[in-house]
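Both complexes shown next keep subunit A, but they swap its partner, so subunit B is in the first and subunit C is in the second.
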Partner chain A sequence: MEQLLQHLVNGLVLGGTYALLGIGLTLIFGLMNVVNFAHGEFYTLGAYAAFAALALGGVDFVVAVLAAIGAGALLGALCERVLLRPLRAESIDTTMLVMIGVWIAMQNGELLVWGGVAKSIPHPFPTAPLVLGPVSIAPLRVFVLVLAAGLIAASYLLIHRTKLGRAMRATFQDRDTAALMGVRISRIHTATFAFGSALAAAAGALLGPVFLAYPSMGDLAALKAFCVVILGGLGNLPGATLGGLLLGIAEELGAGYVSSGYRDAVGFVIIILVLLLRPSGLFAREERIG
Partner chain B sequence: MTAPEGGPLLRVEELHAAYGPVAALRGLDLTVGQGELVCLIGANGAGKTSTLRAISGLLPAARGRILFDGRPIHAAEPAEILEAGIAHCPEGRRVFPYLTVQENLEMGAYVRRDRHAVAEDLERVCTHFPILAERRRQMAGTLSGGEQQMLAIARALMARPRLILFDEPSLGLAPTLVETTFEIIADIRRRGTTVLMVEQNAYGALRMADRGYVMETGRIVLAGPARALLDDDHVRRAYLGG
Partner chain C sequence: MIRLARGLGALLALTLPFWLANPYFLHVVIMAGIFGVLALSLNLLLGYTGQLSLGHAAFFGIGAYTSALLTLRLEWSFWLALPGAVALTALAGWLIGRLALKLRGAYFVLVTISFAGVISLVSVNWMELTNGPLGLPGVPAPELGPWSLRAKSAYYYLVLAGVALSYLVCARLVGSRIGRAFLALRENEPLAESVGVDVTHYLVLAAVVSAGLAGLAGGLYAHYTRFVSPEVFLFTYTVTMVVMVVAGGKGTLAGPLVGALLFTALPEALRLATSWQWQMLAYGVLLVLLVFFLPRGIVPALAAWRARRAS
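Showing the complex of A and B:
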């Protein structure tokens, strides 16, 4: 029982960042119909941006996360504007291939700039864990969980309480009619891709200091983001949030009770089961954004 | 530059448009005067919906011109055309099913910057359509067909347009609701908004319109005062059931 609580807490920390990754990917997938294979690279970008800000810039950790978010949004917007906008009329296969190209290019770019040796991202938190009854947790992880929760809440507010979010949901539900309302669909695409990429970068900046930063760190993150999207259903924000938390907890439980070597396998076993039994996702109501 | 006094609000000249290799409009000409209610009738596939989609910028014009208030709009984006003053209430109502009634209405005012006037219009529309006020927080997809039509019309009004394009507003509605819908459209015109309407209910549409156009295979084949079209032999045989 005591062990279970510990696993749940660890799972939440991991799951919160998976949720961020998943929300970003599901928005891009749902609204733009782009299978973003480069999503993991924005995660890596976020980790390195945080590393640069913390190790080289010597700034506050929160500022470093914000810097990562800014870098992700900027590069995401650029990527959409330059590569995806000219291909809007093309098939999903075409844009998928382009995003695979972006994935390879970004990963090798990271290798070129930062080298292949894993970097430990410095953080200002004490390493002695906080002990709350049966659960002990590193202060860094508490911070990661809180910030992830804050960013998820901010995403909900953006989608449900702002004019941009309303236009995004309208575009997802009926593109032509949204255009008739005066929504400039191209701008919605740029904003969506920037937003999704920023969330991936935020996840990288948060988990980077927990683990390590290295150029191929995004590969597994991207796969997990796809897991979360499949779990939650296309364009489904609550689904991605719950899916992320569920995946994080399942991984922790798998690692704790089966074998830590199987940690990453747990998620994929779940995905295979979901695809077999509930292919539209665990929480799918209909196709939706929001 | 504005049109000379009494000139048409909307003028479509020699308009051609296509969906890929399939021609939809083949040299269409029509005008809509300030304050008029004009209806466009024709068989399925004649190009009525394509005409409206071309005017509102969803279907790019291959050749020809569209002038609104004397200004060319055939190369403009849908958002610019809406800002110029043309709202389009599309076929099949097309409310956003997972936005609330209020959010749908707010989408109608998406291009407007005058937030206070938008809030006022929202209240006005809700007074005008009490059923929408009642269902304000409900998802639009849960409304009945008639309610969705009211919402689609109200949403178009939220843009404060000078010209509204209605595409088959009576489609799929119960007869009493068809009557109500036509009354609402007549009322919109009485309040000073110009209307161009596409209708398969040719009799009902011509009865309320000032002028009518008959479309066949992407062009206008007959035009005239609505009364005259109602009495025309060809129109009676082809569109009014004898």
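Showing the complex of A and C:
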């Protein structure tokens, strides 16, 4: 029982960041119809941005996360503007190939800049765990969970309470009608890609200090993000949030009770099962955004 | 003109080891041949039926492991183990095809990636069968009667035969009624279905043949490098195949071979000039540039250029 509680708490911390990754990807995938294989690279970018800010800049941890978000948004906007906008009329396969190219280029660019050796990101929190009855949790992980929850809440507010969010929802529902109503589709696409990439970078900045930062860390993160999107349904924010938490907990339970060697197989198996049995996602009645 | 070029090409291919004595260059050509089989295999799905599989490294890996294990553990001859590897990967292709080909587009891609991910994790974790991350050393080189095909010049002919066989299989398939059904499905699936093309049947057939060819490439690779490890499942292999097919020209028979030759030789040339990371970086940039400037690939672009000059 105590062990189960401990697994659930660990799963929740992982799941919060998976949810961030998933929300970013589900927006890009759902709204722009782009299968963003470079999503994991923005996660890596976030981790390295946090490393640069903390280890080299010596700033506060929250500032480092903000720097990562800024870097993700900036590069995401650039990527959309230069590569995706000219290809908007092309098929989904074409943009997918371009994003595969971006993924390879970014990953090896990171390898060139930072080297192949995994970097441990310094953080200001004490390493002694907080003991709360039967479970113990590192202060860093508490901070990660709280910040992830805050960012998820901020994403909801952005989508549901702002003019930009309303324009994004309108574009998702019907691009042509939204354009007729005066929504600038190009700007919405740039904003969506920047926003999604920023969330991925935030997830990297949060999980980077928990684990390690290395150039290929984004590969599995991207697949987990896809897993979350598939669990939650395309463009479904609550679905992505729940899907992220579910995946995090399922991984922890799988690693704890089945075999730690197959921890990463959990996401793959979920993708296969959900797509074969219930392709619209676990929580979706229909595809929607918001 | 085209016939002359083809004849010269065939003569060149048949006599290559006699005038290309440098073992390093011969190695590059052998690897290009193995990748040529892989690219032909992926092209059957991506180019002719329009389904992008990003799990193709799984079939390559299954073929490599099967052939290696059959010769190492059961001491089968290479000449039995290789067809065995092809048969088992074709079976895997049938199984995965039956399940995954209900899906289309991005969802199909994700399921193929996931299958490859699971199989790769199995190869790392199933120590008793695969020896885990340490891999299987000492895969025997094939023997033909009293001769060993261990030398690069001899192995070259084996790979050449593999490429020729794969090319013939693809050419026969594509030129037949089946090939027309593939194209009909690629161009307009509902229309093809409405005139009686059995969608699942033909797509699964393409998956089976494609997987079998990838298994052939895996077997050829295993007995060439004589070592198999979970690295054969690396996603890099799949990406390389996709780049080769897209660059050469998907949906053409010559395209994958041109792509394979180019993208095996080019990284090697880049390697001489720069480091490995720069080479992979260049790969990514090149893929982006290709989609922008040569979206249909090299072979169709050349064909269009020749047609324009003739008219």
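The criterion applied here is as follows: the second predicted complex is superposed on the first by the 290 of 290 C-alpha atoms of A that agree within 3 Å, B and C clash if a C-alpha of one lies under 4 Å from a C-alpha of the other, contacts with A are read in each partner's own complex, and residues count from 1 in each chain.
Here is the rule we go by: a residue touches a chain if its C-beta (ideal position, glycine included) is under 8 Å from a C-beta of that chain, and two chains touch if they have at least 3 such contacts.
The structure displayed is predicted, hence computed values, not measured ones.
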item: Partner, of subunit C and subunit B, that touches more residues belonging to subunit A; value: C
item: Touched partner set for A:A265, first subunit B, second subunit C, both or neither; value: second
item: Partner chain in contact with A:L4 - subunit B first, subunit C second, else both or neither; value: neither
item: First, second, both or neither for A:V146, with subunit B first and subunit C second; value: neither
item: Which of subunit B and subunit C A:L157 touches, first, second, both or neither; value: neither
item: Which superposed partner A:D93 touches (first subunit B, second subunit C, both, neither); value: second
item: Partner chain(s) touched by A:L132 [first = subunit B, second = subunit C, both, neither]; value: neither
item: Subunit B versus subunit C as contact partner of A:G109, first or second or both or neither; value: second
item: First, second, both or neither for A:V63, with subunit B first and subunit C second; value: neither
item: Contacting residues of subunit C [partner subunit A, same complex]; value: 52, 99-100, 102-103, 105-107, 109-111, 113-115, 117-118, 121, 124-125, 235, 239, 242, 246, 277-278, 280-281, 283-288, 291-292, 295
item: Touch list for subunit B against partner subunit A, complex; value: 56-58, 77-79, 82-83, 87-88, 90, 94, 96-99, 103, 106-108, 110-111, 155, 159
item: Residue numbers on subunit A that touch subunit C, as the complex places them; value: 29, 35, 83, 86-87, 92-94, 96-98, 100-109, 111-112, 219, 223, 226, 230, 259, 261-262, 264-265, 267-269, 271-272, 275-276, 279
item: Parts of subunit A lying in touch with subunit B, wherever the complex brings them together; value: 163, 166-167, 169-170, 173-174, 176-184, 286, 288-290
